[in-house]
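Next come two complexes built around subunit A: one with subunit B, the other with subunit C.
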Partner chain A sequence: MADLTTDTTIVGRGNKDGARLFREWFDGLTQAAAEERGGAYVFVMGSLVELLRTFDLPIVFPEINSLQTAVRRVAHEYLNEAEDYGYSPDICGYVKADVATQLRGGELPMGRIPKPAIAVYTNACNTYIKWAEIWERMYHVPTFTLDVPGTRGEGAQTWRGHPDFENDCRYVQAQLQELIPLLETVTGIAFDIDRLRESMREANTMSRAWKRVLELNQARPSVFNALTDGTIFLGVANGFRGSPEGARYFEDLVEEMEYKSANGIGTLTDEQYRLIFVGVPCYPIFRRFSEMFTELGGNFVTSTYLRFASGGTSWGFEYDLDHPIESLAEGVLISVRDAMDNMFFQTGILLEMFDTFRADGIVYHPIKSCRTVSTGLADNRRALMKERDVPSLFIESDMMDRRVVSEAQLKNRIDAFFEGLAARRQQAAIRDP
Partner chain B sequence: MTDVITFPEWQDQPLDEILFQCRELLDDPSYPTVRRWREAGGKVIGHFQVYFPEEIVHAAGALPFKVRGGPVEATQAESRFGSYLCSIVKTSLELVLSRHIELEMFVTHPICDAARNLAAVWGRNFTYPCQILYLPQNANSAHAVEYLRGEYDRLRRAVQDVTGTEITEERLRTSLAVFNENRALLRDLYQIKRESPWLVAAEDAYALMAVGGMIPRQEHNVLLRAVLPQIRERPAKRQDRIRVVYEGGFCEQPPLDLIRAIGRSCYVVDDDLLIGLRWILADITADRDPLLSLAEAYLERSSYSPVQHDLRKPKERMLLERIRAADAQAAIVTAAKMCEPGLEEQVAYTRALDDENVPYFVSEFEENMTSFEHLEVQLETFVENILFD
Partner chain C sequence: MSYTVGIDVGSTYTKAVILRHDQAIVGRTMLPTGFKLTEIAERVQQDALADAGLTPDDAVYVVATGFGRHQVSNADVKVTDITAAARGTTLLFPGTQTILDVGGQTMKASRLGDGAKVKSFRLNDKCAAGTGAFLEKTARYMGYSTEEIGPLVATSKEAITISGVCAVFAESEVINHLSQGVAPADIMHGAIVSLVGRSVQLMKRVRMEPEFTLIGGILRFRRMVDVIRKELGTDVNVPEGDLVQFTSALGAAVLGHRRLAQLAAKGSEAAS
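Our next item is the complex of A and B:
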């Protein structure tokens, strides 16, 4: 049983500090907007914040802004506004919430975001590219696609020394070398390789720590909820990558999770079932969605979301600071590719997770808004079950649009899933007393 | 390479019968041309929309088959996908799950979030190689051509492994010449559409082009060489229809009946239907490194579509240019249901058309839709408004 009276300065610190950093980040953005300073618009998979930070650009993550509107239950207002403007109900809700945000002059429930001075994005999600085209048309600002070739087929990753990897890496590096002068032009600030080194050093600390945090949830009971706590950690991992605050936060987080692990402090008073989450959370009813599992003793111990939505930081790539540009190219290539693998080529990844986290079941949550993540999930589940007898649940809703979220239906399916897990455990107990 | 004639039905037939046979082939879910090719010992490499360097497969003596959905019910494929997806993704998989089509290799592209998933889905269901060809998405990088040359070389090696045929520079040059001729013939067909659209019905022009993705390209060349002069000599007369550009057929294809319905009140003088077959706009030089030439052409001498981002080719400007070049009076701006890039582009297209005072008709379609009456009535009203304005 968890001893929650132990050192309250450590336990719960990650969530508290995460919320504080988030407020500070948005205060900074609101101030930048008031000063009419343009921001760098980036995305979670391959944000390049390490580099952008050295040009003193306020960093705006439209995906994070959009999901916040859902968590704060105002997403429908934004979606309606974008649909009135002409965007179809069948396209990504994040895009539409951002369109409405732009039409509102950057106003969001958490503050106001600056207009873009530049948009930098990878192709990890194709919608990133279409999204940036909207800003191109609205603001006529430079947009830069950092094209990061992904894995060509299941298990076909190549590495240093392989001609295909070298071809990809040269391409990514050449693009970085094209991006830097563009950033100099946009900001009027000369590129400083030592500042980049510093930023990459902080990113290294974060990557090391993030990998460790994820590993620490293999503890029984698990030390954090990958769905709820994990989303806070993700916010910091993205928004503060390459900064001293971000590095310190994650070092503290490792300390907290190691402490919890050493003292058997979990997230639930009685963790019955250890679950893996696949997909994107249901943000319109975020807390309730999580409670539907925790109330029945289920805790999410890990997720593919923690991997791909951190841009593959979880892979733990550490930059070689003696060769910053070359290493940045290699790191971006490997990390973003890993993020994509966690969306497209998941079967082996999930089986490994299932074993290392000693999980009891896998919950697939495809969503209407995101075809990147959702297209292959049904087939992935089929393949996984063919490979191994793994209990799984497949529930469909959305990350933004409450019109396609049916709480009652979700609850019915989740309850039935837990009944199945319980029956399975009983049968196992009878079979192997 | 096999010498089999995969599409003999049109030979020695009058023009109307040839066009009928082309339309029939498009709607035939048994894919007889692919079957005949395989029966003769040929190998088939399927490639998903939009653009694919078919020359590389052709040089290996295999049949590059354009995977673009089909006239089938996605009964097996439905269970492999989520609910909110375009039809082409599902019916394409259905074609192989139900063995309407058999392949030796499948290649998809990162054209959209759904299509990129296909390599993984396909790979979990079949033992043959399934992969993503990463066409460059930073078309404006000075390094993109060199990267793509490397990527094409990777593909060349993979195709060699599958076919067992060495793809030499010489073989590539021969294939480039075949495809150069094919694209030139298709340009001729589109010239007829622009200059005298009354000579060829919209659905016939489409069928003539589209069969190219289902038969060996040299066979398609023979067909086009025979048919185009006959079309030019037709005694058809101009009718009272408006000239339109059709936009929205870059990936999932509208059913023939929909194209026919549009053709009843409009002359479709240009379009983006199966734009991948016409992506390269000029002949590719074959006298130097063929893969480099192919890569350069993809980036430097190519058309546009919602799934390629190129700062030199803003889509709405390109559409306006297409309308002007074809001397069209209006645009029909469609998108396949659930097609995210298409639906997103509709907003930009319609705003640009508003700014330029170009009349347009907006619609969504699905490849297997069967009812067109409502759409036809709406379209007729739209056309009348223009004719009697």
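Our next item is the complex of A and C:
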């Protein structure tokens, strides 16, 4: 007889530990704010946390702070404040929530964030650059744009040995070599290559484990919800990259997911449909949004979000610790490029996901306030459907602004999508009994 | 003899259809939806049963659809209006490939595949643009009721261009045209042309193919049908009379009979 007892010390540990780490992270930021230590303001797509950590900079992810205001249902207060200050309703919701946070002296429901000492960001999102200019004007702090060359066309990625790739690597490396002295000036701390090696070693452990966690959800039934659980994992993947806590967390997470997979413990008791999510989650109704799928037996087994919002680290690139700077450049190039590919060249990626995760459908979720991830999604969907007859749903809302989230409108479309999935399954059963 | 009830709790009207096992409609009722959805669903059901000369005990299966379907307390099954409309439409016009359903606050286009299954669908955006609410408000700004839209637009000689389909901003556009001496009938006609433009766009997005069937409360205005027919350059099916508003409720009742047949088949399997 199968052993039906569940090891409760393992199952659910990832979510619990993730929440704890998150609290600790914000306690640390609150402490830094109280001590008036400036932080490194970074973004999820190419944070360079491995490097920044070696300069003892408190790490602040304004995107994560902003989405937390939506999850905690206070985003509208922040958005209204930024709009009253003069920002248009059409501006990215994350930006507006951050502007209001800055106007409030860094106050957030989770704690208080320090002011920036420097902002470091890539070109993976065009808004990053304009966003950092706000801090530059507000605080007169240096900003550093890391220009990461993207893929030239769908399926046109190049690798080591290819002249384009080598040029791109050198280009990124040269920028990193400009960034390091700037960090030394800002912090007054001399660059220590051995500390960087150590940080990169921890990041390697995390990358390996993160890739494995994502693969483990190919299990049937799937072992986590890519939308809800996945967002917790993403928080740790970003905030704790390059740290021993982050590496240990992901090793534990692999153990948990392997345990669940080996014991057939699914995230849903009755998984009927396996879905892929494309876009950014609907944070104003975060749980409810997911429930509208799970209560009909649908689980998100993977998403493009898990890839691009982890800065492409899901790719699993591991640094060569013998050549830290060169390898950091290569890793950043490959990861950030992959993050961008997951937004801009989705068709092939989604078809591959569809097959490897044995998915039943794809849910596109364009959002009002992020043009970067939403523009072109309708065309992407059309391109995908041209390639293959894949069931897909297109629903629109927002990542921050509850004024443009209509649960009734979403529900009707979702219900109809599931009716379509059921009809397809029925027809397939008749066709191939 | 078995009867099913199909209830469509729409944004503006709630409809009920009583369907006999031989697919004959034996009773139907429609009432304004209002705000008490559970109560109105009960009332239309009772009235429709009374219309059919039946009692509540005669209704062996109840299927609810429409945006308020989750509030129908005695529903055996709840389905979206997309699926229900597909069933109702194909009962009336079996050759239907594309459905356009324009209701009080929604506009939906569906493309059907084999066996009346919905292959793809598109709904209007999260606003009343391009729905009955737009026509209703345009009429109201000119002092006409919804029921007067049909007779009013019948007198139009030409459609005036209405640039937007926003129900909220319709007023300023209407006032502008009235101040320039444009006849209300031509403004109403323009509003319909504008609405049709949006409907056809939606149909294109589901890769429309003939036969086309038009349903929903707004299609009771003949001019709307005429403009769509002209725009598509082909004939369209429209359920007769007020049946155009009952198609989704009818579809729900059809699904009820299908479900009964499935249950009967399972029962006989279990018995054998």
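By our rule, the second predicted complex is superposed on the first by the 428 of 433 C-alpha atoms of A that agree within 3 Å, B and C clash if a C-alpha of one lies under 4 Å from a C-alpha of the other, contacts with A are read in each partner's own complex, and residues count from 1 in each chain.
Methods note: contacts are C-beta pairs under 8 Å (C-beta built on N, C-alpha and C of every residue); 3 or more make two chains touch, one makes a residue touch a chain.
Note that the coordinates shown come from a computational prediction; the quantities given were computed from them, not determined experimentally.
With both structures placed on the common chain, the touch criterion links A:Glu396 to subunit B and to subunit C.
Judged by the touch definition given at the top, the superposed model places A:Gly161 against neither subunit B nor subunit C. Looking at the superposed arrangement, the partner reaching more residues of subunit A, out of subunit B and subunit C, is B.
In the superposition on chain A, A:Leu377 makes contact with subunit B only, while subunit C stays out of contact range. When the two complexes are overlaid on their common chain A, residue A:Phe344 makes contact with subunit B while staying clear of subunit C. Of the two partner chains placed by superposition, only subunit C is touched by A:Ala423; subunit B is not. After overlaying the two complexes on the shared chain, residue contacts for A:Ala408 are found with subunit C alone; subunit B is out of touch.
Comparing the two complexes, residues 396 of subunit A contact subunit B in one case and subunit C in the other. Note for the complex: subunit A touches subunit B at residues 85-88, 90-92, 95, 123, 125-127, 129-130, 132-134, 136-137, 143-147, 149-154, 156, 163-164, 167-168, 170-171, 174-175, 178, 344-347, 366, 368, 370-372, 374-380, 382-383, 396. Contacts from subunit A toward subunit C in the complex involve residues 396, 404, 406, 408-409, 412-413, 415-416, 419-420, 423-424, 427.
Interface of subunit C with subunit A (complex): residues 67, 79-83, 114-115, 117-118, 121, 123, 125-126.
Of all residues in subunit B, those touching subunit A in their complex are 79-85, 89, 110-114, 116-117, 119-121, 123-125, 129-134, 136-138, 140-144, 146-147, 150-151, 154, 306-307, 309, 311, 314-315, 335, 337-338, 340-341, 343-348, 350-351.
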